Amino acid sequence: MDASRRGFLTIAGLSLVGAAGGSTLIAAIGEPGTAVESLPAEPPGGGRRLAMVIDLRKFGHDGELVERCIRACHRAHNVPDFGADRKNEIKWIWAEDFESTFRDEEFRYLRRDLQGKPTLLLCNHCDNPPCTRVCPTKATWRRPADGIVMMDWHRCIGCRYCIVACPYGSRSFNWTDPRPHLESPQADFPTRTRGVVEKCTFCEELLARGGQPACVEACADDEIVFGDLNDPGSKVRRLLAEHLAIRRQPGLGTRPEVYYIVEDPRTLAETAPAAVVPGAAENDHV
Amino acid sequence: MHDAAKIVGGLVLFAAVMTSPFWYNALTAAPAAVPALDPPPNGSKECVEPRAYMRANHMDLLNEWRDLVVRTGQRDYVSTTNGRAFDMSLSRTCLDCHSNKAEFCDRCHTFLAVNPPCWDCHVEPKEAP
Amino acid sequence: MFEKALSGGRRYWAWMVSLLVVIGVGAACWYWQLSEGLTITGLSRDVVWGFYIAQFTFLVGVAASAVMVVLPYYLHDYRAFGKITILGELLAIAAVIMCMLFIFVDMGMPARILNIFLHPTPSSMMFWDAVALGGYLLLNIVISRVTLGAERRGDPPPAWITPVIVLSIPWAISIHTVTAFLYAGLAARPFWLTAIMAPRFLASAFASGPALLILLALVVRRVSDFDPGRQAIRALATIVTYAMVANVFFVAVELYTALYSGIPEHVSHFAYLFMGLDGEATLAPWMWASAVLAVVALVLLLNPGSRSSETSLVVACVAVFASLWIDKGLGMVVAGFVPSPLGRVVHYSPTAPELAIGLGIWAAGLLVVTGLFKIALEVRGHLRRP
C-alpha cells in the first residue's frame, strides 16, 4: 500500500472522530449555561475561535508573574536565551510597559496603577493575519478550525516577509543556531534550526493533548484566561462581557485575539489594593 | 561539425572518467556488508507498520506524519496492520521504542551516506546509561 | 555565439579575472554566512531586511529600465536606438540575475528556495515577484538571443519575436510594480504604506537605469569602435531628465503628505532618515548626500547646454545613479524598520562580510554584462582582433 493511500485512510478515519467532537461542541454551545471550560481533547473540530484574555488587574508591578509566564513558555518550547544580545534575540512571549504596549494610544496622564506596568505581549493570533497573507510558501497560516496562526518550520524558507508584515513584533528569526543557547532542550518539543522564523502557537501541541497554554498554566488565579470566543458561555466571553478590554492596534484591521482587561473604574477600589499602585508603593521600595 | 573527432573523443573520455567509480566497484569490490540494526531496547516487537514496509518507506511515512500533524492538526495514526492507534510523533512514538538512535537510525543512514535533517531540530533521545 | 565571450585580449581577461576574484571573496563570505547563519550580517530582530533586499529593489529598477530603449525602438520605430537597444536588454539580463542572487543570499534557508514554486501562494507578493522576475529574465534572454542571432546571419528578426518584444514592455513595468507592492501593502509599516511607491519606483528606475546605460555605452565606445551615436545618447539624456524630475516630484509629494499631515508614525521615519532619531543618525549624511546629488543632477540635466556636453552629462549620470542608489539601495528599506512598530530605534549598518557578499554579486553582474556586451559587439563586428 502506498503512502498516500495510507494517508487517505488516516484522514478519513480522523475526520469521523473530528466530526463527532465537533458535534458535541456544537451541542454544548447550543445550551446556554453548559460552559465548556476546559478544551476538548479531540483534534480541532470546527467553529472554534481561540482567544486569550490577559487580566491586567491581577498583574503586579514587580513583574514576577510576567517572568514566570515567560519562563514557562520559553522552557516548554525550547526558546533559546541570548541574554543581553538583542540582535539575535528570540521571544515568543515577552513584557513591555503598558504605555509601549499600547503605544498608538499615546497615553498621557495615565492612571497611576497602569503607569509602567509590565504587560505581556505575544502573537495575537489575528483573525485577519497579515503575516500569513505575505508568506510565499504557506509556511504560516491561520487554522480555520480554531483560529490559531500556525507555523511549519519544515517549510519556512527564512525570507522574513512575515516578520516585516507583523505589526506586533511577535515573530523572531533564527539568525544563528539556537542549540548552543539552550541549556537543556525539552525532548518532546523540537528546537528550531538557524534560518527559520518562529513565534507563539498558542501551545497547540498542549491543546491537542487536552491541556492549556503554558503561560496560562503558569498562572494561579486566572490572570490569563484562554478559551473559545464562539462559545457564549466560555470564561473568555464572560470576562469580555463584564469588563473593559482593549487590544493592540485594532485600527489596522488585523482583528487581534489577545485582549487586555484594564481595570474597571467601578471595581478599581475593590480589586486594586493600594500596594500595587506605584505612587503608594514608592515608600516600600526605595 | 569542426573537430568532430576531438569532441566525440572528449565526450567518451568524460563519460568514462565520470563513471569510473562504478566500474571500479563492479569489478573489484566485494558486496558491501549491510549493517545490522539493533532492535528496540524496550523489547517492543511490532512497529506501526510491517518491518519491510517501514524499512523501505519510513521516510515517506514520517513526511506524511509531519504534514498531518503540523498542517492539519491531526495526531492519531491508525495502523493498517493491527488497527492500533499511534501518536504521530517522532520523539514520542518512534524514539520511544527506538531509543538507540545511534545503533538504529544512524548506523543505516551512515552506511547509505544520507543525512536527514530531522535532528537539526528534533531532540535526540538520551542514551540509556 | 557564446564562445565569443571566451576569447579576448589581455585587458579583457585582466578585467574578467579581477571580477572573478571579487566574486570569489563574496562566495567565500556567503559560505561563511551559510554555516554561521545570517547573524554575520548587521540585521537584527528589528531590522530584518537590509543591504541585500535594498540592492535587490534598486536592481529591479535597473532591469525594468530596459523598457526605456525597447519601447521607443520597437513601438515607435525610433531608429536612433537601433544600436543601443540590445545593450539595454543585455543590461536587464544582468540586473535580473543580480536581483535573484541578492534574494538568494538573503534567505535563511536557501536550500528550500524552490518551496516558492512547489507551494505557490498567490496572496504573497513575493511569489508574484519571483514569477515576474523569472519571466522577465526569460523574455530578455529569448529576445536578445533571437535578434542577435538573426543579425549575425544577416536576416531580419523572425516575425514571431515581435509580440514577445511587445509583451516585454508591460512585463518590465510589472516587475517594478510588484516589487513596490512587496512593500506598499503592509499595515505594519507606515513608511511604505504609500500609493505613490510604485510610480516613484518606476520614475527612479527610468532615471537610474538609462543613466547607467549612458555610462556603459560611453565605456564601450572607449574600448571598442562601437559608437552608440550622438542622437541616442541625447535621447537617453532626455529620458533621464524627465524621469529624474518625476522622481523628485514624487518624493516631494510623499514628503508633503507625511509632514503636513503630521501623523507621528509617518513623520518619524523621515525624521530618522534625515535628522536621526534618539541619537541614531547613521543614514542622515547619506540621505543628505543623495539630496545634494539629486539637485546637482537636475541642474546639469535641465540646462540644455550642460546636458548636451558629454563631460557634464557623465557627471550628471553619475550623480543620478549615486543619488538614487542611496535613496533606494540604502535608505528606503531600512527606514521602514526604524522606528520599529513598538517605537524602538535600532542601529543597522551592513557588516564587512555582508558588504563583501553584496560586492561579489555586483561583480557577478558586471561579469555578465561584460560577457554579454562582448558577444553583442563581436556579432556586430565592432571588436577586431589587435
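Chains: A, B and C, in written order; residue numbering restarts at 1 for each.
The definition used in the following text is that a residue touches a chain if its C-beta (ideal position, glycine included) is under 8 Å from a C-beta of that chain, and two chains touch if they have at least 3 such contacts.
Quick caveat, the model's predicted, so the values are computed rather than measured.
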item: Arrangement of touching chains [line / ring / star / complete / other]; value: line
item: Centroid comparison with chain C (C-alpha atoms), farthest chain; value: B
item: Chain A and chain B: spacing of chain centres that average the CA atoms, whole Å; value: 37
item: Interchain centroid distance [CA atoms averaged], chain B/chain C, Å; value: 45
item: Interchain centroid distance [CA atoms averaged], chain A/chain C, Å; value: 41
item: Chain A, residues touching no fewer than two other chains; value: none
item: Contacts with 2+ other chains: residues of chain B; value: none
item: Of all residues in chain C, the ones touching two or more other chains; value: none
item: In the complex, chain C residues that touch chain A; value: 36-39, 43-46, 48-49, 106-110, 112-113, 115-116, 118-119, 121, 123-127, 130, 182, 186-189, 265, 336-337, 340-343, 346
item: Residue ranges of chain A touching chain B (in the complex, touch as defined); value: 1, 3-4, 6-7, 9-11, 13-14, 17-18, 43-44, 78, 141, 143, 145, 150, 152-154, 185-193, 204, 208
item: Residues of chain A touching chain C in the complex; value: 86-90, 96, 100, 103-104, 130, 133-139, 155-161, 163-169, 172-177, 194-197, 249, 252-254
item: Chain B residues touching chain A - in the complex, by the definition given at the top; value: 49, 53, 57, 60-61, 64, 66, 68, 70-78, 80, 89, 91-92, 117, 120-123, 125-126
